[in-house]
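The structure under discussion appears below in the form of C-alpha cells.
In this document, chain identifiers A, B, C and D correspond to the written order of the chains, with residue numbering beginning at 1 in each.
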Amino acid sequence: MTIRSIDEASIGTATVEHLDRGALSTSELAAVIARDIPDGSFVNLGIGQPTRVADYLSSEAGVVLHTENGMLNMGPAAQGLDVDPDLTNAGKVPVTELPGAAYFDQADSFAMMRGGHLDVCVLGAFQVSFSGDLANWHTGQLEAIPAVGGAMDLAMGSKVVFVMMSLFTKTGASKLVPTVTYPLTGVSCVSRVYSDYATFDLTADDVVIRETWGISVSALRKRIGP
Amino acid sequence: MTIRSIDEASIGTATVEHLDRGALSTSELAAVIARDIPDGSFVNLGIGQPTRVADYLSSEAGVVLHTENGMLNMGPAAQGLDVDPDLTNAGKVPVTELPGAAYFDQADSFAMMRGGHLDVCVLGAFQVSFSGDLANWHTGQLEAIPAVGGAMDLAMGSKVVFVMMSLFTKTGASKLVPTVTYPLTGVSCVSRVYSDYATFDLTADDVVIRETWGISVSALRKRIGP
Amino acid sequence: MSKAQVFESCDAAIEGIEDGSTILVGGFGLAGMPFDLIDALIRQGTNDLTIVSNNAGNSEVGLAALLKTGRVRKVVCSFPRQPDSYIFDDLYRSGEIELELVPQGNLAERMRAAGAGIGAFYCPTAVGTPLAEGREVRTIEGRDYLLEYPIRGDYALISAHKADPMGNLVYRKTARNFGPVMATAAATTIAQVSEVVPLGSLDAEAVVTPSIYVDRIVPVDTRRYTVQGAR
Amino acid sequence: MSKAQVFESCDAAIEGIEDGSTILVGGFGLAGMPFDLIDALIRQGTNDLTIVSNNAGNSEVGLAALLKTGRVRKVVCSFPRQPDSYIFDDLYRSGEIELELVPQGNLAERMRAAGAGIGAFYCPTAVGTPLAEGREVRTIEGRDYLLEYPIRGDYALISAHKADPMGNLVYRKTARNFGPVMATAAATTIAQVSEVVPLGSLDAEAVVTPSIYVDRIVPVDTRRYTVQGAR
C-alpha cells in the first residue's frame, strides 16, 4: 500500500496543492465536503463536526438528510418557538422538518442504513487506516464509558463513507495511519478522508492524495509515513 | 398415544354425546367454533369454510379479525356499492373495515403472525395427526399445482390453531389419523380439531374427545382407530 | 443520484429493463397489481424474466398477460393456483415455466432481509414440510428454524395510491400488501400511482414508503379489478 | 384476551411488574421516553431490573431517576454516555451496574426479531470490532456477518401520541423511535399517551402500532423535555 498523488496515477488530473494559505478551518472543510456531495443524494451527517456540512448544502442541490433516530428530509436546527422536543436529530438537538419529510421507527431507520440505501454518510474519526478501517467510537481507555450508538451501522451501511477529521492529533501524530490502534468501528469502510490539511481517496491498493491545503504533497507524505 | 373421552381423564367434566341428532352442518360447526373463541381475541380465519365462523361472532365479543394480506379489524364481506377492489380478505373476496382497523404491509403482517401475536387461527385441513401435525396445502398428487400461501405461517405462528374440517373423507376414511400421509403444512401445531361429528383436543399424550354429534364415543373410536 | 423521477408514460418509466432481469411485482391477487407497468413491459418485449410475486396471475390481465407472452422463465411465488390462473397452470403443466414455491411470509421476509441488509435469517415457517428440503436447520432455544436467504430484485414494479414529487408513497387499504417491502428490495423501484400530489401535501407521519426507496414514478388512470372483473 | 385496557393512573397501569423483569423502555434521549410510567415504576419499588433502552438516562429525570434508585441490575443499550448521564456514569464506574453495549441498529433489529418470530439473523454491523467478540461469524456471498439473537422483554414501557380504545397507536415526529418495535417485542406492552381518542377517529392507513401489540394504555398530561430542560 502506497501513498501517492493523483498525477502519479496518470488519470488525467493532478493533485491540487493550495500552498498560498494555511490548513482549512472546520467551516471551510465542511464546505469542501458539501461541494463533493452529488445533487439529490440521501445523506447522513454524523454527530459533531459533520453536522456542519448541512450549512453548505444549497437547497437547489436537493440533498435529503437522514437522521438515524427516524426521519428523512430533516431541516435545519430549530430556533426559539420552533423547538419541539419530539423532533430532534441524532445528537438530540432540536431540528425542523422540510416538505417531503417522512418519519419511521428505529427498526425501519436502521434497515434503511444497513440495506445500503444511503448514498453518503459523513462521520468523525479518531483514526482511519490506509485501507479504510475506521475508529470513532471508543478511545480504548479503560476508564472510558463505551457508547457506540449508530456509528457501526452507518460505517457498514452507507454506499460511501466520508470521514471528516483534523489530520493530526494535538501532539502532531497523523490520524490517517497504516494500522488503527483504537477499537474499530468498521473494517475497510471509509472511501474518502476529508481533513484540514488534505483530502484522500482510500482505494484497495493506495492512498491517493486529492488536494492539500497549507502543506505540499511531499511534506504531507513525510508526516503521514510510513 | 390413546384416544379417550374427557371423563376418562377425571378432570371433572364429561364428554358430551349428542346422540339425538345427526352430524353438524357446516354452519352449525362454524357456530360451535365461534362459541369457543374467547372474547377480545385476535383471530385469523383461513380461506374457505373457516371464514364462515365470522358469521357467528357477536359484535359484543369484540373479537378482532386479522387478514394476512394486511389488515386488523376486518369487517364482513362487502356488498354492492361497498365493494372496493383495494379491500379484500386473504381469499381475495371484497370485505369491509370496522372502526379501529389498521392496515400494514406483508412483511409486517407475517411478522405479526410468526411472532405469536394472534390468539387463535382456524384452518381447514386434509388431514390432522393425533399429535397435531397438519396437512392442508397439497394433496400430494403429482399433477396438482402446488400453492401454499400463508398456510405454513399461520400454522406455526398462532398461539392456538383450531382445525375445521369434515371428519371423514367421501370414502369414509378418518381425516384425523395416526400419521399424516399428505405433504405437511406444520408439525405438532394443531391444538384442537372441530369436525362435523366431534371436537377433539390434541394433547402431548392423548387425543381427547370433547363433544360428539350423531355418533357415540365408542363408535367414534372404532371409526378413527387405531 | 437516488431522487425519484416522474415519468409521463409507463413505457418511458420502465426503460432499461433488460433480458434476464429479476422483477418483483406487487399485488395480492389483483389488489395492488401494477397493471399499467406490466402492460408496458409486455409492449417492451423483454425476455427471460424471473418474476417474484405472491400469485401467478388471474384471467388474462396483468401478470397473467405477461406470462402468456412466454417471456417469463421462472416464477417465485406463494400461491400460483387460483380459480382463474389457467395461463400459469398450462405453462406449468407443460414444463414451460419454472416455479419456486415460497411460503407467503418467507417471501415477504426474504425481501425485507434484502432491503434491510440482513445476510440470512432463521425462520420457523415450513420446518418439517416438503418446502424445508435442502435448507439448513438450526435449533435455537429448543425450537427448529430454517435458514432463509434474501430475495433481491433488479427492478420492483409496484402500484401505490399517491406519490409526492420526491417519491414518498402512500397506499390504499389492503392494496398496500407487497409494495412497501418490494420497494426496499430492488435496485430500481418503479411505482405507478393514481396521483402525484404537491410536495408537502402528504402527512410525514403517514408516509408508508419513504422517498429513498423509490426511483421512478408514473401517474396512471386508476384501473382496479375484482375477481369478478374490471371495475 | 389481548385487548387493550385503558387505565386512569400509571400506578395501576404498571401493576404486576415483578422483581427481575426485563423491561424495554422507549425513547431516544428524552424524546419518546415514558416519564410517567417510569415514575410509577420508581414508586412501585420493583427491584433487580434489566432495562433495555437506547440511552442510560439524562440528568435526574426518567430513566436516570430509575437508575438512581439502585434497582437496575443491568442496562442493555447503545449509547449510555451523554453529557448529562452522570448517574449512569457513576454506577458504571463503581461497578454497581452491568452494561451490555449493542449497536443501535442491532438493538432495534434484535427486538424486531423477537416480535417477528425470527430465531436469529446474520447482521453485517460490528464485524471485526470489539463488539463482535463471542459472536458466530458467517460468510455469505463474500461478506462477513455476525449471528444476532432476539431481545425479548417481559414488559415494554413506551410513550405514544394518541391511542384509540382498542390500543391502536400513533406517535409524534422523531419521538416514534423505539416505541413501535418495543411494542412488538414484549409480553406486555404498556403505553402512556397524550390522548385517548374515540374509536374510529384514527386513520386506519396511518396507525403505526396496531392494537394487537398494545395491552395497557394510560393517558397522561404531556411532559416533554429537551436536553436543555423541561418544556
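Simple rule for what comes next: contacts are C-beta pairs under 8 Å (C-beta built on N, C-alpha and C of every residue); 3 or more make two chains touch, one makes a residue touch a chain.
Everything numeric here is computed off the predicted structure, so don't read it as measured data.
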| said: Using Cα averages as centroids, what's the distance between subunit A and subunit C in whole Å? | reply: 36
| CA centroid of subunit A to CA centroid of subunit B, Å | 56
| remark: Distance between the CA centroids of subunit C and subunit D (whole Å) is 33
| task | Note the residues in subunit D that touch 2 or more other chains, in rising order. | result | 109, 112, 116-118, 123-124, 171-173, 204-205, 208
| remark: Residues of subunit A that touch at least two other chains are 97, 103-104, 111, 113-114, 156-157
| Overall pattern in which the protein chains touch one another (line/ring/star/complete/other) | other
| task | Pull out all the chain pairs that touch, please. | result | A-C, A-D, B-C, B-D, C-D
| query | Where on subunit C does subunit A make contact in their complex? | reply | 1-3, 112, 114-118, 164-166, 168, 184, 199-200, 202, 204-205, 207, 210-213
| remark: subunit A residues touching subunit D in their complex are 67-71, 83-88, 92-94, 97, 103-107, 109-111, 113-114, 133, 138, 143, 145-153, 156-157, 183-187
| remark: In the complex, subunit D touches subunit A at residues 28-32, 54, 78-82, 85, 88-89, 92-93, 99, 101-109, 111-112, 123-131, 171-181, 208, 224-227, 231
| query | Of all residues in subunit B, which touch subunit D in the complex? | reply | 38-42, 62, 64, 66, 72-73, 97, 99-104, 111-119, 156-157
| query | Which of the residues in subunit C come into contact with subunit D in the complex? | reply | 109, 113, 116-124, 138, 140-141, 143, 145, 149, 170-173, 203-206, 208
